[in-house]
Structure formats: C-alpha cells, structure tokens
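Next, two complexes with chain A in common: one pairs it with chain B, the other with chain C.
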Partner chain A sequence: MDELKEVIKNYVTDEYLEPDSDPIDYETPLISGGIVDSFSMVSLKRFLENKYQIQIPDEKATPEAFDSVNKIAELVKEFVKG
Partner chain B sequence: MSNFGNYEERTKNFSWSLSEQELGYQPGQPINIGWYCSDRVCQQGKADKIALIWEGFSAEKKIYTYNDLRRYSNTFARFLTDSGLKAGDRVCLFMDRIPELYIGFVGILKTGAIAQPLFSAFGEDSLFVRLENAQTAAIFTQKKHVAKVRKIKDKLPSLQHIFIVDYDGRSPLQERETAFSMEALGGVEDYDIYPTYAESPSVLHYTSGTTGMPKGVQHVHYSLISQYLTAKWVLDLRDDDIYWCTADPGWVTGTSYGIIAPFSLGVTQCVLDSGFSAEAWYRFIENNKITVWYSAPTAIRSLMKAGDEIIKKFNLSLLRHLASVGEPLNPEAVNWSIRVFGKPFHDTYWQTETGCILITNFPGMTVKPGSMGRAFPGITATILNPNTYEPYPHPGKIGLIGIKPGWPSMMRGYWKNEEAYKNKFHNGWYLTGDRARLDSDGYFWFVGRDDDIINTGGHLVSPFEVESALLEHQAVAESAVVSKPDPINMEVVKAFVTLKPGHSPSKDIELDIMNYIRKKLSPLAMPQEIEFVNTLPKTRSGKIMRRILHAKEWGEEAGDTSTLEND
Partner chain C sequence: MAYPNEVRKLYQDQLEALQAAGILKEERSIHSTQAAEIEVEFPAGAPLKKVINMCANNYLGLSSHPEVIKAAHEGLDRRGFGLSSVRFICGTQDIHRQLEEKVTEFLRTEDTILFPSCMDANAGVFEAILTKEDVIISDRLVHASLIDGIRLCSAMNDTYKHSDMDHLGQKLQMYQDKRLRLVVTDGVFSMDGDAAKLDRMVELCEKYNAMLLVDDSHATGFIGKTGRGTHEKFGVMGKVDVITTTFGKALGGATGGCVSGRKELVEMCRQKARPYLFSNTVAPMIIAGVLRVLEILSATTERRDKLEKNTDYWRKGLTEAGFILKEGDTPIVPIMLYNAKLAQDFSIALYDEGIYAIGFFFPVVPQGQARIRTQISAAHELHHLDKALEAFIKVGKKFDILHKTKQEIIDKYGL
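Our next item is the complex of A and B:
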C-alpha cells in the first residue's frame, strides 16, 4: 500500500505541482486544495488505469475520491484486488 | 417582489440613463469603475460594511470592509504609479482567487491602466500568446505561478515588471521581479484616481477564436452602467444580500459579476478559493449565510451527481435567488434545483464580448426550464436568417442570435485585430456565433454554436489552438480537434491524431499527449480522449474537415461530403 501511495504522490508531484511548490503528503487535499482540477483529474485517472491495468468507472471517479493520495490509493486498491 | 418587477413595465420606455442616474453619473464627466467599486460606496456611508469574505481551501478566512477595499486598492494604485506604470498600460493579474486578485483589479482601474486578468491554470504557451498580443507591461502573480512567467519572460520585452504578491524570500528574486505585499505596505488613505471617461479602456479579457489565436476583448469604463443594472435586476442583488459568484475572474463572469457589479452595488460578496467539492460548497453557503448564488451548469450538474442526501446535512434555507451562466442550463438541472432548494436556477446568456447579461429568465417571472429566457430591457435580440442576416419574421425558426449594437458594456474592439471585430457584424447586427430559436412568448432556446469553438464547462476552447499545440508534440503528424458530448461539462475536447513514422498508438502515448497539452495550454484544452487514426478526412485541397468528425461524435448526419478527398 505504501508503495502505491508513493507512486501516486510522486506522479502528482511531477505532473501537477509547479517547481518551488510546497511538497504534498498523503493527506494533502488535491482537488479541494486546487492542486488537481476536475479536468486534470481525467489524466490522473488515465495514469492509474494504465499503470495498474484497471478500469475505474466514471461514477467512482468523483472529486471526493480523488481528493488525497490516501483516498486515491483506497480507490485503486478496490479495483486492483478485482 | 423582485427588483425587476414586471417585464412589460420595465421594457416600456427603457433607457440606460436610469442606471446612470442611480450611479450619479453625468454623461461627459469622468467615470472610473475603481472609484465606483470602493470610494463611492464608502461615501454612501457603507465604509464599515463587509465587501469581501474570502476563504481558502484550508478554512483560512479573511474579511475586508469597503474601507479596506478602498484603502488597499489605493495601495495597489500607488504602487503601480510609483513603479512607473501609466494610464493605458496593460497590467495582468495571474493569480488564484486570493483577495489580491479582487482588490488589485480595483486598484489597477484606479490608475487608468487596463486590467488583464488571466486564468491561473493557463500553461506557459497560453500565457505567452496573451501577454505578447497585449504587450503587457506588468504582471501580478504568486510564487506558485511565477515559474511559468520565468519560462517566457525573455520572449516578452514589453513585460517590465513581475510583481510577486506572496514572496517569502526563500529563493532570490530574478531580473524584473519585485516583491509586493499589500498587507505589509498597509492601506493608503489617499490616491488621486485617474480621470477615466466613458470610452476609456478598462478591462482586456481574452477569448478563443475559431481559426486564429485568442482575441483580446476590449471593454471600457462605461460598461459599469449595464453591469450595475443587470446585476440589480437579473441577480436581484439588494443591500442586505450575501452574494456568491463562483466564477474565476480569469473569465468575464468573474470580473463583470464577481467584482464590478457586486462592489458597485455595495453588496457583501463571498469568495471560496478552492477546488470543487459538494460538501465544501454547501458548507460555504451555510456558514456564510449566502442568499444569492450565481454559478454554472457544470458545477450544478456536479452537485446533482453528488446526490440529494448530502444537501440534508446543511441549512441552505437563506438562499433566495439562484442563477447560472456559461453554457445552456439543461431542464433537468432547473427541475432538480426546484426539488432540492425549492427554487429554480435562472439561466443567463451573455458573452465575453457583450460584457453583461443580455438574455435571461428574470426573477419573479415564469422560468421555462431549458430556455435562455427573454431579452433584457434595452437589448434588441433576434433570430437571424443565416443566409440573409435578416430577422425571421415569425418565431420557431432556428437561426443566428443577433443583437442590435449599442448597449453600454458591448466590447469596443478586439485588441489589434480590427478585421476580426468587423466580421462580428452583419447587416447592422452583432453576431454572437450562437444558434437558437425564439418561441411565441419571446423566450430564446439555445441550439448550438455556429462555429467550431468548443464550450467545455462554460469555457470556450479553440480547436485551432489545440491542434497547433498538438503538432508540436514529437509524435504527432496531424491532428483534428472537435467537441464530444459530456454529461457534466456539456462538451469536452477530443482529438483525432495521426502519428509520425516510428510512433505507434498506445495508452502511454495518449497520456503523454494529454499531459503535454494540459501543461502547454491549460487543463480545459487537454483532450479528454485521443483517437489514433491512419488518416483524417480532408477536402481535395487538403483542408481537414472537422465537421465530419464532429458529426461522428454527436451522432449527426455529416452533411455535404462532395468535397471529401477519396482515400
């Protein structure tokens, strides 16, 4: 689980944070904190689907479910387990 | 009883002089939006009234009275003047929805400079073309966004000043950069406001074009006359209201109705600087006792998706008027709001170019769910035959929405693009680029755009701009960009792409292209789907036929394909 969280955290840091931004942790609000907006969420979802060979249904891909590394990891785990 | 009252009474003998009188404006005398939004309200005895309640995503809260707004906007104005900025210079605001964005806008206008707000999620390319086109002299930004400015500043010789509003000293300032802290400088009591007149330029907003680069829509200080009155009559704003406009001032709603209108009316307004969350939004409404709420269909549909149960956790009973803007509001959303809030969202129709609401469902009148409503008094709106540009003599026909020019907040031009401006007028009508029909009660019903522009979540995206950026990706040979239906955003961007030799379609390359566009242009412009194809449909002369791809996405007939090149 920690490895999964690190992958997500690193991807968000590399792709969505500007240089010199404050670092994020597993609980940092991503959507409500304005780091990842609803349009960009699509590319984050696509990354997770590609990386873990899963399909996250649109109804599960809510702003609330993507609002922190911890929440995203929970969501991914649900589908990786099958 | 609403501020608006009866439609027939209001339209009879209507004159914009009514608004001029309420604002105490005498034609020919100076008119400065910055003064009307702050100093005048204080002179009316409302200096201690709250102008702005601001909340960040971490529940940080700041409150500013009208006297604070007056003094801090003077701080911005004095700082700009002392920095050598002068009337007519373009001063960009490239910030999240922090208090400095709202107060800085007012301060820039006080100097006679032109405020140029830009959406802070823009990538470096989107930022560059807009700053280059406007020959912007100064930019206010935050340390989280300054990296994008640094990447392009060497290509922008006109950009002499980069003001960082939250500089913390952790890394050194670079050439042309200056730290500016509104609160550290403190409020400035007196500033000689520049005497702008009705036709003095005020705001420069950029909007997407079908075939060219973004166009700078130029507004003037006289726009206040219609922004004030439409907010009073359409949004029904009253002195005791607590108002929330959810739009970002990077777009025209966020300035016309998120700064100019509420402040000139002396109303208390709230700003939530955070991403979307249904729970956070409802909590914000409850905590701040919001009474008038102006939002967008995309947000409303996202709230619908979050479900009705969550609403029961909050007391939203003080909400008394709801309005929507940005794209057509579907009837389901209107009916949902009647069910869960006990009142409908009132759709409002207007554009960056129009500066104020033109067509709307008025408070107190019957709302026809799904309709755009009726024309505002003083606005002559019609449906034009697209071949003759003559109004259809009877209701029911689908045609172009045309508006008789002449209302106060109509754009005065596209920045350095006279030809594009001229092309917006035919046969004495301003062409909105939208298609609609009129019913026998005088209500307009939106049908669609008359061009290829994509309206995603209420924001216009140019397919041309996305296609141009796609071609800069190392793997892309050709591209065509169209809209595709989306249940939340109405439309989203879809790209059809052919790849260069040596590259093969894959999920990884799709994601790489998506992220490339997101960073280069903006998240709005990022294709939500990329379809890899071997060839794109083209005319025999080699022009890509977007409409064939558009028709495919929307399940429509492709129309005339006689010019289509055979494979």
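Our next item is the complex of A and C:
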C-alpha cells in the first residue's frame, strides 16, 4: 500500500507541481487545494489504469475520490483487488 | 415570481463575500472613444479624468480609426443595422462571405467561418470536429474560452505543463490509441505575454500525427513580420490546422471572431457548431469595418512596426527602472508585484497619476503571481509612454519595489 502511495505521490509531484512548489504528503488536498484541476485529473486516472491494468469507471473517478494520495490509493486498491 | 427574501439574501451574501475578499470587479465608465488617452469617470459620480490607457487590447490603434469608422458607417447605410437572423436562415450577406474570404487570405489558411465572438468560436469548434473517440491535449494556461469549449466536447481531455514541449511529447505518445489528437494552445498567452513555441509544436504534431489549434486573439494583426500572427512569427504558416481569433482586439476592437483553417473543419463548424447555428449573424457595420481593417493591414506594416518599437521602448524603460517583468517580446507587458493587495493599491496610485492600468490577481492569475498587466498600442506616442513610465517610477518608489528581487517584494508585502 505504501508503495502504491509513493507511486501516486511521485506521479502527482512530477506531473502537476512546479519546481518551486511546496512538497505534498499523503493527505494534501489535491483538487480542493488547487494543485490538480479537475481538467488535468484525466492523466492521473489514465496513468493509474495503465500502470495497474485496471479500469476506473468515470462515475467513480470523482474530484472527491481523487482529492488526496490516500484517497486515490484506496480507490485503486478497490479495483486492483477486483 | 418566486424571489423571496432568503433567495435575495443568498446572492447578497455571495456578493458581499467577494467585496470582503477584495475581488469584486468594479467597472470604470469611459466617456470618450477608445484611444491612447481616454476620459474616465471613476469612482462612479467622480468628475471626468483624462488618463493614458495602458490596458486596452487596441494593439494597432484601429478602434477609433477614421477610415474604419467611415467604412462601418457605409456598411450601416448600405446593408442596414442588423439581419434579425442566424447565418443559415437569412443572415448571410455578400459581405459576410467577403470577410471570410479576406480573413482566409490574410491568415493564409484554407477557409474561414465567422462567429459572434472568439469566445463563441472556441465554445463551438471542439464539439463540431471531435467525438468521444478523440483526445484534446491543451496547454495548462490556455484562455478560459478554450477551457469552456473543451468542456462542452465529448472528447477526452488532458493538459501539458505550460509551454513544456517534452511534456507535450509524452502526452502525445500516451494517446496514440485515440482516433484523433488535437493539441490546443494560445498563440500569445494573455496573462504572461509569452508566445507558444509553434515551430516545435508543429514538429511534434507531425511526429505524433496530431492536429494543432491555436487561439491567436492576442496576435492576429501584429505578431510576425507582416502581422499575420504567431504562425508567421514561427515560420509555420499553412501548418496550423485551426486558428481561432477575434476582431475585438487589434482588428478594430468591436466584436466578432472566427475559426480559420482546414476547409473540412471549417465546414464542420458551419454544419454543427452550436454558437454559430444558434446565435445571430455579425452586424453588417462590424463586417464592413473589419474588411477595411484588413485592407489597411494588407497595404502596410507601418502600424505593427510602430507597435514593435513602442513595445521595445516600454520594456526597456521599465527594466532599467528596476521593475520585474515577465519575459517576452509581445505588447503584453506584465509587471510582477506578487501580492494581490499591492497590485490593487498600485493600480489606484497609478490612476491618481493619470495612468489607467489594472491589477490582476488570483483567480485570474495563479496565487502569488499578482501583477499589473500593461498593453502597448500603436496609438501610443513616445510622450504617452514617457509620462506613463514617469508615473510607474513614482509609484514604484512609493511602494519601494524598484530594483528589488522577487523575494524582497514578497518579504515586504507577503503573498
């Protein structure tokens, strides 16, 4: 689980943060905190689907479900388990 | 009627919250035509004040040009005030098609379709040409109208870091499984004044088999050697698949916009773009005025050359005075202040000195990136720029921000 969270955190850091941004932790609000806009969220979803060979239905990929590394990890776990 | 007091209060509370946060927008009434010098009533009820305008999109000084006004009058006389119709019912006059042909010629594209505004062009184009089998990949700083248009379209959408070509390349690679890829950018970004790297973008689009759409609203008429736009500046004329642009800025500043590009894409807009199909045709006098603007710009580059000189003069003057500018070479010159309140106070102090320039802050620009955005015009004479510079220096000294680093300004005023 921690490995999964690290993967997500690293992706978010590389993909969305500017070089001079404050670092994020597992609880940092990503969408409500303005780090990831809902528009850019799609690449994160696609990255996770490709990496873990899963399909996250659009109705599950809500801004709330993607709002922190912890929440995203929970969501991914649900589908990896099948 | 169902507008009880609690509903009224709900909206009053929201507006008061905007005011308390200092982000309630107040309009200043101008009592003159648009020009380098304008007469302004601010605040409401105050006596009129003559100020130098440093924030209009009137890049070429054509908004009140006598020949453009004359042409608009003739258009009014010959073709009437309005058409009372959308284009496809009974709203297409000969001059509408003429303008579409002239814009095509000016931008060196294949075909053009007019819209009531570029906002409408951007709202309609994506849905008309893409489906859910496709993907749109846009720069993270594109204009709000492109974002709205993309949201209205069923295609998947993703973004790349501002002007980061490696990131764009990765995204294009990632979406090779999609039927069509459309890359979207502003030609010149309205808040930072930097230009998209269209030469690199065309290369990437060719490599990864993607179409390219550029909103050139802050470029058409003056960017590039003959003012055709960002595609001219980067030597890629004929290689940008879709250009959207406005007549509401450099090209006379009235209203109207267009989609110009590959003829099939333009025809798809004519058949399917909802803001085209369901809004009124552009008024004849606007069409006649813009036709005259294009004649003027096709005959001489005098105006865009003067704008370029003015821009160099202004950027050099501000830099030497010790302001921090966003780098670039376009007539959009942002002076960085970082703190929102400082940007507002700076704007008011400038107004007291007879200079009209507006502060921009979150959410219009990212948090901690507040600024005064100045826009240079060919209507400015050197004496206007000198007076403006003098005022900027006076106000800069008052707030003690000259020759200071970004960190020093932030330490003094906060973010």
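We adopt the following convention: the second predicted complex is superposed on the first by the 82 of 82 C-alpha atoms of A that agree within 3 Å, B and C clash if a C-alpha of one lies under 4 Å from a C-alpha of the other, contacts with A are read in each partner's own complex, and residues count from 1 in each chain.
We adopt the following convention: a residue touches a chain if its C-beta (ideal position, glycine included) is under 8 Å from a C-beta of that chain, and two chains touch if they have at least 3 such contacts.
Bear in mind that the values here come from a model prediction, so they are computed numbers and not experimental data.
Novice: For the overlay on chain A, clash or fit between chain B and chain C?
Specialist: clash
Novice: Check the residue A:Asn10 against both partner chains and state whether it touches chain B (first), chain C (second), both, or neither.
Specialist: A:Asn10 contacts neither chain B nor chain C.
Novice: Once the structures are superposed on A, label A:Arg46 by its partner contacts, choosing first (chain B), second (chain C), both or neither.
Specialist: A:Arg46 sits against chain B and chain C alike.
Novice: Have a look and say if chain B or chain C is in touch with more residues of chain A.
Specialist: On the superposition, B touches more of the residues of chain A.
Novice: Using the touch definition from the top, say if A:Gly34 reaches chain B (first), chain C (second), both or neither.
Specialist: After superposition on chain A, A:Gly34 lies in contact with both partners, chain B and chain C.
Novice: With the two complexes superposed on chain A, say which partner A:Pro19 touches: chain B (first), chain C (second), both, or neither.
Specialist: In the superposition, A:Pro19 touches chain B alone.
Novice: Determine, under the contact definition given at the top, whether A:Glu64 touches first (chain B), second (chain C), both, or neither.
Specialist: first
Novice: Using the superposition on chain A as set up above, list the residues of chain A that contact both chain B and chain C.
Specialist: 34, 37, 39-40, 42-43, 46
Novice: Would you mind writing out the residues of chain A in touch with chain C in their complex?
Specialist: 34, 37, 39-40, 42-43, 46
Novice: Looking at the complex, which residues from chain C come into contact with chain A?
Specialist: Residue list for chain C touching chain A: 140, 147, 150-151, 156-159, 171, 174, 367.
Novice: Can you check the complex and tell me which residues of chain B touch chain A?
Specialist: 57-58, 96, 121, 143-148, 170-171, 273-280, 302, 305-306, 456-457, 488, 507-508, 510-511, 514-515, 518, 523-524, 526, 528
Novice: Under the definition above, what is the set of chain A residues touching chain B in their complex?
Specialist: So the residues of chain A in touch with chain B come to 15, 18-21, 29-40, 42-43, 46-47, 49-50, 62-64, 67.
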